[in-house]
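Two complexes are shown next, each including chain A; its partner changes from chain B in the first to chain C in the second.
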Partner chain A sequence: MPQQINADIRAFVVDNFLFGDESEAPADDASLIESDIVDSTGILEMVSFLEEHFLVEVADPEIVPENFDTIARLTAFVAGKRNAKAAAGT
Partner chain B sequence: MFQRILRKRRSPAPHGMRDYLRKLFLDPPRRDNDIRSLVHLREDGQVNGFMGVLPMRFTYRGETLRSAIGGSFMVDGHEGDPYAGARLLRAFQSGPQDLSLTETANDVSTAMWRKLRGTNLTGYSLEWLRILRPAGFMAAIAADAFAPAALARPLARPLDALLRRRGAPPQWTHVADGEFAQRALISEEADTAETMSLIRTFASTFALRPEWSESELERMVIEAQRKANYGTMVRRKVLARGGKPVGFFIYYGNRGGIGRVIQILSVPGHEGSVLDTMLDDATQRGLVALRGRGQPALVNAMLGRRFAFVHASSSIVYAKDKALLEPFVAGQAFFNGFAGESWSRLLGDRFD
Partner chain C sequence: MCGIAGYHGAGLHPQEADALLKAMSCAIAHRGPDEAGIHVGEQVGLAHRRLAIVGLADGQQPMATADGRLRITFNGEIFNYIELRQELESRGHRFRTKSDTEVILHLYSELGPDCLGKLNGDFAFAIHDAHHARLFLARDRMGVRPLYHTWHRGRFHFASEIKALLTVPGVEARLDLLALDQIFTLWAPIPPRTAFEGICELPPAHWMIVENGAAHVQRYWDLNFSEIDHARPQDQLEEETRSLLEDATRIRLRADVQVGTYLSGGLDSSIIAALAKRMAPAGLSSFGVTFSNAAFDESGFQNEMVDALGTVHHTVDCDTDEIASVFPQVIRHAELPILRTGPAPLYRLSSLVRSKGIKAVLSGEGADEVFAGYDIFREARIRRFCARQPGSQLRPHLFRRIYPYLANLKRQTPDYLAAYFGITTDHLDDPLYSHRPRLRSTAGTKLFFSKALRKELSDYSAADELAATLPDAFRGWHPLHQAQYLETRFLLPGYILSSQGDRMAMAHGIETRFPFLDHRLVEQAARVPANTKLKGLREKHLLREAMRSTIPERIAERPKQPYRAPEADAFTANARDYVETAFQRTALEETGIFDVEKSTRLYKKSRLSNFTGFRDNAAFVGILSTQLWSQQFARQFRRTDETLAVRV
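Showing the complex of A and B:
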């Protein structure tokens, strides 16, 4: 499942912030802020995407670099949310 | 931060402004213990972001709605900490209110609101401008950018006297002598109590409108009397021939200056007469132009009267219940002016 999450997030980043240019796609551990790919507006766009696409709830204190700064961290964040949701449902 | 980021001044914030910010945001006209202004702290505990929040109640289809009006949104060094603004806006929208509103979103804030599914209200976001005296208007614009240019103002008067005789009215560049006088209704100064009563009466024609308490509206009306940077307040009720009030307007301006309108209200169907009366009043007082914020209810009447429209800042609404967006989109919401932030001294007053 994390591979699919990673692929979806990567596709979203490329489509929305890089005008679909795959050649500019960042490495999984590259900072989206330091690479000038995402700014404050982009962070909010990402929040809406995660909530609508993966059906997870993002709490305000969770909007931090530890969860949002790289594609790898975003993937881990969404996977963790889904696991927690699945555990709560069992 | 307010002085440096929003007012773009290097001097320390005047005490009067500090006191007013404290009063406005810590003791707002409407108190709601769950809806408060927000600060953002850096990791070292320093404040680096702020969202000023004013609670307000609205009524729609017999239900009371809680709202939060967000303004004075600022982040110190937002490029270095892009998470601060994102978290502030997100925290604001996540509050317990039914409606999250702003009427002063700049381009950056507007983009952020839209990413969080806020609805930008075109009809409420357009700034209108009606030029009355073109040479004086240009002189006022020049003086605003470069103070010594004010010396050219006396030269504009004879030029305007000449220009105002050119072309059959209406012209978008100017108004002719007495152009509105024949169509204008009688207007009289309105005191605080009358103003409150008129605002309530005219607001009642909107499907969604504020549910002001007496003390809340009184404080807003009184605070709106002070806008020194805009000029002298002109607050008038418009009367039909029988003496019945059919409209109300409030603007600020001085002779030779550009007047700022914060509210125009009218009985439905009389918008044109109220606009004519206001334009006649401003022309007679020697103003060179009037500008103000759009209201969907007024747009049709403005189109025939040679108003120009530009976009300066946005009015935006966000609601978890999408049905609550309908009156805003349909132009049936009383929003902006006394249902927003325009009444506050932060817009147009001087503190030093």
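Showing the complex of A and C:
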């Protein structure tokens, strides 16, 4: 599951922020802000993508670098959200 | 006012010279619709297009001294020409005209290049000295009036606009790739570079002598923040500011035609309009842009000022369609790629002014640079405040306070606000510290450069080049003064006064005058302590206090609203053939400047997405304007890996 989440997020980053340029794709642990890949609008694009693609809800206080600044953190954040959702459903 | 052009050097038959000067003159006919004149002399040619504002009956140019030794072609106004003329007459000079042009000739004959220190005005001129076979060129301190030049076949050519230089046989329009990198980082080329390879501008506050086939360029003035006067009480500073601004406005109302004023509803133009109204008892026409989009519109404040002053107010509405409809003409006149659409409404505004029979207008431009009004100054202060406590969860909230109009910041957490503004990554002793976030986000647009272009540019850094041009004293200045210097020395002449200023106004033969850029006021404000200009986060504190009694309280206390216009959505709201053409694969491949795949994806995203951030907006306008620039100026020049040639 995390591999698929990771692949989907990576594909979104490449497609939406890098306009298809795989050669510019960041490493899993590279800062998206310090790499100048996302700006303040980009973060909201990411929130919108996570909510629509993974069907998770993102609260404003969760929009922090600890959750959003790398592809690895985004993957863990979504996986955690999904696990919590699954646990709540069982 | 006016347009100038000419050459210096041998090799032209009189008929060729005549034809060349006429062609150069025709290319800038919009700058001077009232009269045209040329002079062909020994190894020199001067051309002039006249917008007659001072000395209507006898100010024809090129103008010579009585002995015929000196001959001038001059664009601009010398606002203190009456006082200078009186001084010259008291020393025995005799005048044949009532024009300010003749004052320059007399002053130059007496002082040579030192005459520039006496001139209070906006000017670009060339004086030919027949005795020494020498051409002297000069440009005003702030860069209000333009002046470009190029060498071709050993001959020197100059003009108010580059399109006149392109009429010189053999001079080609080729995109300067380093200039493009600079525009996509700094919004404008670093002088003397222009968007055209091999064509330079004479930088503001410089003069140039051309003789014996060589040129010598020298700076004669610079903004200096080294002599801060901490002893002067604030009430004295206010009085001095008020007095200088009143006089700057008074002498800028000198004209033999009616002078109007721009009125946006903001603090700066309101102050100028109020002063001008008081000094023009016969009445004052004011002109403003309105937007149908409330996010950009200031018509409520405009109307409040009009009611308070009783000006005859005219407005032009700029919705997205209007911006798109004039954008190709905007690029034709701006003569360089741009990343913002801001010039387009001003192009329409000058057209409105012309339609009302007005030739000259006052503008409040320059106050933000001189009195510290831009958001970037406050932003830099907050960034330094946050950097002292990098983990603070409270301090980054201040960013929201200075950018209430940026909806995207409202949802951001303090950690992200700190990250966007480089709190932990930017070095406090970086000379470009104040501008780093803007430079970073702007340079993000270079993602769309083609692989070939990126390879050619390699590790070139426009920001490093900018930093290398700063004066030695810069590092010792207060951080606010460093930021003011960067804005005033580079962005003001490179973008505000040119792409948004002279070029948009002169497209319709309108002269714009800037009281806030009177050098006496600029020099006085540079001596004022930083905290008196930007008090806490209160921008233009000194100016507000000095002019409080001049304008309504609600205007005096208005927070700064930056001048903005619709960006990418101006071109995607309704389909436009030229926009679609610019983003077509074939067109992108033909110019070779941008990555075809990424650019077409950006076009698609801009049409379909709800999210268009700063970088994507700037990239969209930058790609479109570069494509238009290429079509209009350099269509025949096709770039490939082989033809890319950057001179780093």
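Note that in this section the second predicted complex is superposed on the first by the 90 of 90 C-alpha atoms of A that agree within 3 Å, B and C clash if a C-alpha of one lies under 4 Å from a C-alpha of the other, contacts with A are read in each partner's own complex, and residues count from 1 in each chain.
Convention: a residue touches a chain if its C-beta (ideal position, glycine included) is under 8 Å from a C-beta of that chain, and two chains touch if they have at least 3 such contacts.
Model, not experiment: these values are computed from the prediction.
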Of the two partner chains, chain B (first) and chain C (second), which one does A:20 touch, if any: first, second, both, or neither? second
Residue contacts on chain A - larger count, chain B or chain C: C
Could you look at A:60 and tell me whether it touches chain B, chain C, both or neither (first, second, both, neither)? both
For A:45 in the superposed arrangement: first (chain B), second (chain C), both or neither? both
Identify the overlap between the chain B-contacting and the chain C-contacting residues of chain A. 33, 39-45, 47-48, 60-61, 63-65, 68
Interface with chain C, chain A side, in the complex: residues 15-16, 18-21, 24, 33-34, 36, 39-45, 47-48, 60-61, 63-66, 68-69
Using the touch rule from the top, collect the residues of chain C that touch chain A in their complex. 406, 408-409, 411-413, 415-416, 419-420, 425, 440-441, 443-444, 447-448, 595, 597-599, 601-602, 605, 609-616
Sort out for me which residues of chain B touch chain A in the complex. 75, 78-79, 82-87, 89-91, 94, 108, 111-112, 115-117
Once bound in the complex, which stretches of chain A touch chain B? 33, 38-45, 47-48, 60-61, 63-65, 68
